[in-house]
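Okay, so subunit A shows up in both of these, paired with subunit B first and subunit C after.
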Partner chain A sequence: MKGFPMNTSLVNTLLMLPALLLLAIVFAWPLLDSAWLSTQASSVLTGLAPTANGGANWQRLLGDARFWQDAAGTLRFAVVSVGLELVLGLAMALVLHRPGRGRGWLRALALLPWALPSTVLALGWRWIYNDPYGPLNSLLKLFGAPAYGFLTTPATTWLFTVLADVWKTTPFVALLLLAGLQSIPAELEESLVLEGASPSQILRRLTLPLLRPWISLALMFRLAQALGVFELVQVLTRGGPAGSTESLALYAYLNAMRFLDFGYSATLVVATFLLLLLLTAMGWLLLRRRPLEISR
Partner chain B sequence: MRSLLLLWSLAPLAWQLYTSFVTPEALIQGAGMAAGSFWTLENYRQVWLADPPIWRYLLNSAVVGAATTALTLALAVPCAYGLQRQGGRLRWAVTLTLLATAIFPTVLLFLALLQLARSLGLANNLLALSLPYAALCLPLAVLLLRAAFADLPPELEDAARLEGLNLARRLQHVLLPLLAPSLASTAILVFLFSWNEYPIALTWISRPELQTLPPAIARIAGSSLFTVPYGAFAAATVLGSLPLLLIVLIFQRSIVSGLTQGAIKG
Partner chain C sequence: MPGSGARRRPAPGAALAGLMLGLVLILLPAGLLARPVAAATTVRVLMPSPFVDSTAPLVASFNREHQDLRIEVARGPLDTEAMSDLAIGGLLLGDTAYDMLLMDVSWTAKYVAAGWLVPLEGLLGDDALEAMVPGARTGNAFGGHLWRMPLTGDTGLLYWRTDLMAEPPRTTTELEAVSRRLQAEGKVRWGYVWQGRQYEGLSCVMLEMIHAFGGQWWQTGSGRAGGQTELDSPGAIAAADWLVHLVRSGVSPAAVADFAENESLQLFAAGDAAFLRIWPYAWREIERGGGPVVGKVGVSTVVSAPGFRSGGTLGTWGLSLLAGSPHPEAAAEVIRWFTGPETQKALVLDQGYAPTWASLYEDPELKRKHPLLAVQRQALEQGPEVRPLTPLYAQLSDLLQRQINGLITAEGSAADAMAMAQSQSAVLLESAAGQDSA
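Our next item is the complex of A and B:
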């Protein structure tokens, strides 16, 4: 076939079609199916066959204290983790951006926690937090302090799931922000230096305002991922102690795979999705409204 | 600053490495004791000879990773090319869809995907895992490759077209060779994702000998197979991390530039 195709738009659509079809099967269909299943009773009681039960699942959800506790806990985990990741990620990106010998190796090593499997790392953290033999408790012992149940104290265990998550995902945030830093022309910074601006002034006046799109991107991405936190808590704490670190995704998983209540599991999945939609929409509006400006 | 960063990133990993090579007694009594039987390979022997042995999971993960990478690239290359050439509303809609799916947490899909796998007879099929994996990797892969296509001078393809090369030949002989670096970094990111994916692998595969590494590790952690203090766990985590460690260290330039370049232009 010589020359231009008859209809470029049609060819483009055909080229994109296989990928879009697979996306529809793996993303759109499950959401629709879960939405439908959330209006059905499908558990051991019905022999796992779906039977319409009106809004019974949703009514149960509204009165389910465990759901509300998990929702609040997941939200708390997401907000605190992502907040810390943005601050530490920015610091890490600034260090990785500075020229110097071996910068490539530094970047690779800093990236390692992000590249390794979550389950593997969660298992590693379980050993680090181990009471009484883990290294953290060995340190405490060194200072004469009593051993601490990092994973067995209901009031504080969530903080240690946050720490493990922050450790693993900060490199990813740093990498995105590094991309932002690389897009800032060096001349801008040089001109501010010539004006006699201090490093912290450069950060506030130039770097942060220009990084905003990347910060927004990292924020949206990490917020969505953190609200779906699953393997970290499943392997590190199994939702414990006393359900204090159970995430919404873990609760949905348990309903399907342990309690064999697929209808209610689907309801939890859809509820989590709606929560996610609400939060990302809020985040997007919030970030969009404030215009980009370089304050002086 | 640099050493602080390295300490933060590497100390937990170094502790795993250390744990995997010492005896349980050494762990319990602390590193102070200098007995002759301090270091040991027993932990590695234990996971290597377990049933199923750890190399089985590594092999399974490698197979799924390779299949996923091939499938993702086969779908993402034409899609990225079409998206780059397309204008107007369709381009906008597809880009928005890709962004939305890129940030979507995988775990919310497991329930319906499990039903799909069961009804299609795909459960306990290692290669079938690459279907959902490819879908989950596609958004990022297409966005990265579209940015790479956008970088190529349009005159190049026009010239090839005037030479009478059709689309497949233009891609094969002209465009893709120039995209090799972007293809490589995309492939590495897809492989990393596939190696690390957990919820779908956990629910689709129930036979232990077919499991990929992440659910296998989680299963071992859930059983009382190896008890405290974690020597065998640590050996398993070290062996499971080693392939990725090598990939990251060998391809660090590709990974960093792939992600940062894609983000800048995407």
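Our next item is the complex of A and C:
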């Protein structure tokens, strides 16, 4: 595994140009546009026309308790759901990697939740959590327990958004890790077995170290997605109860589409991007170093 | 569908003759229709999904009767807020694909401020609303212009169970007492269900309750925001206090904190509650649903605290003309037909919608066939409550929803929640005033 050596030869640079151009158009341009808009007052009060307001949006952001609360909430959601997805996804990948009858079917089946559109999934979970008629509360009733407000308890509702997200996205993580598992030569494991290593030793000494690049790939992917979580909360909770599950993306969306405050919405978008950049950089630094030493 | 009809007919005599006849039957009407269609002006309307279905037969007959004018209806989402998001998404692109939009009453001020609507008085006349019930006229014309023609006269209503009581309660105290008695007797699991989810519906409930306790949400004034809020007034606090009291004392289920219209209707239709606060459309839904309460539901105006009277929140839908429509005159004609008495009468009969024309409330056929009409008229004449007419309404509503939803899902006092809602609203309006002077 050689990282990603920066080759400065002219040919390579030229070959990368189209891709870079595409990235600039679909990624850098909207971001720069948002960065510019975040320095403007552009809302229903200005007739939607942008006029420079000297950083007032950013000043407002720093003092906006709702922004900080949403940022903390979004972070909590992302860290917990991605953490669970990695653990469960690894377990799932190990099971799916075992040779056996019907493995193809099992793999296809395991992917189903991921193939579901988020909106449909959120509607489904909304019913599962329904109070008093949903299946979970029916189950509680069966055991004589009182109904629980899965979507009406500000302290715990975020956990149930995590559960819905984990249910949907674990297969995606499992798929990535399964690809990683299949890239590990079978002989390595066999030789360790011959040496008398236990399964848990094999997992710790061989599988996990060799899987590290794949884990970090899954982590990056999922962290970026989870920090931008939108449809799930929009449909499942609308950010409630009491704003406890509002994500940064939902807040930015409300500002743009409901409040018609595009200046502030753009500010939220840029702030979310900066946060994401910071986190992925941290994750990258944390996971990038060691695999090389161990896998050699 | 002349084509499909022709195909199903058995071929007379020889197969060839049948085929020829079939071809003629298919092609002739198609050829006749094709010409006027090509020359006709097409007016495109974006409406929420339920309205598309309910008006489809009427639109079809309009298109049959008119050679030079066609209505093309685009299907929007079912949910009111999703509908607004879709419309705004299109409008922001500048070049909208629609001539008009079926709008919720709470959007109008925002759309006007954004410059998306065309005044209608020049096209429909200054007296376009004159023959409507007073309550239905509200929220359509302001700032010296007519922005919207109402199609429905919806207000919040109280649904009650005729098998559990002889008369509906008139006051909040009565409602609570009856609920408790029925709950104690084991007749119903819950007393009163309403919309407590963190969404626009909760603001509608709050608005009518604030008035039911003698307060008001909004005091019209000057400036670009158009007024100020009065959410920390005694009436407003008493309203919040009553709602949270209902939840904490078990008259309303704690689950109302996640109830939108559907969830509350579901619980009432299942026979699990004595009272439901919802819009006029629910009556048909209950009757069609075939559940345990069919034939046992009465409808009344919303309750108020003793000594006060609330008209229920105005939740009308109406048609607005979008800026950029290439043929405003044709669109105005469609608006006149769509919101006119004949169309509305058909919608009352087919769908149970609340009409806006005073004459329809006198129509003997409607009175006979639609029992809700008398109550609906009373609600509209009682002066339905209008949500703050300001371009900043969406923000104000969002602030209030969060506070009230927080109040009913956690600890805390109504006075604190309302003080918070008031101070947050004030900050928002002040910042708007700041932009005003700049």
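Quick notes on this structure:
One rule holds for everything that comes next: the second predicted complex is superposed on the first by the 267 of 296 C-alpha atoms of A that agree within 3 Å, B and C clash if a C-alpha of one lies under 4 Å from a C-alpha of the other, contacts with A are read in each partner's own complex, and residues count from 1 in each chain.
One rule holds for everything that comes next: a residue touches a chain if its C-beta (ideal position, glycine included) is under 8 Å from a C-beta of that chain, and two chains touch if they have at least 3 such contacts.
This one's a predicted model, so the numbers in the text were calculated from it and none came from an experiment.
Once the two complexes are overlaid on the shared chain, A:S191 sits clear of subunit B and of subunit C alike.
Once the two complexes are overlaid on the shared chain, A:F259 sits against subunit C while remaining clear of subunit B.
Once chain A of one complex is fitted onto chain A of the other, the partner contacts of A:T46 are limited to subunit C, with no touch recorded for subunit B.
Looking at the superposition, the partner that touches the larger set of subunit A residues, subunit B or subunit C, turns out to be B.
With both structures placed on the common chain, the touch criterion links A:G240 to subunit C but leaves subunit B unconnected. In the superposition on chain A, no contact is made by A:Q59 with either subunit B or subunit C.
Contact with subunit C, but none with subunit B, is seen for A:T152 once the two complexes are overlaid on the shared chain. Once the two complexes are overlaid on the shared chain, A:N130 sits against subunit B and subunit C alike. Overlap of the subunit B and subunit C contact sets on subunit A: residues 130, 133, 238, 257.
Per the touch definition, subunit C reaches subunit A in the complex via residues 81, 84-85, 88-89, 110, 113-115, 197-199, 224-225, 253-255, 257-258, 263, 266-267, 270, 272, 391-392, 394-395, 398, 402, 405-406, 409-410, 431-432, 435-436. Looking at the complex, you find that subunit A touches subunit C at residues 41, 43-48, 60, 130-133, 147, 149, 151-154, 237-243, 254, 257-261. Across the complex, subunit B is touched by residues 1-5, 8-9, 11-16, 18-20, 22-23, 25-27, 29-31, 33-34, 37, 92, 95-96, 100, 104-113, 115-121, 123-128, 130, 133, 135, 138, 167, 171, 175-176, 178-180, 182-183, 214, 217, 220-221, 224-225, 227-228, 230-231, 234-235, 238, 249, 252-253, 256-257, 262, 265-266, 269, 272-273, 276, 280 of subunit A. On the subunit B side of its complex with subunit A, the touching residues are 1-2, 5-6, 8-10, 12-13, 15-16, 19, 27-28, 30, 75-76, 78-79, 81-83, 85-86, 90, 94, 97, 101-116, 131-132, 134-136, 138-139, 142, 161, 164, 166-167, 192, 195-196, 198-199, 203, 213-215, 217-218, 221-222, 228-230, 233-234, 236-237, 240-241, 244-245, 247-249, 252-253, 255-256, 259-261, 263-264.
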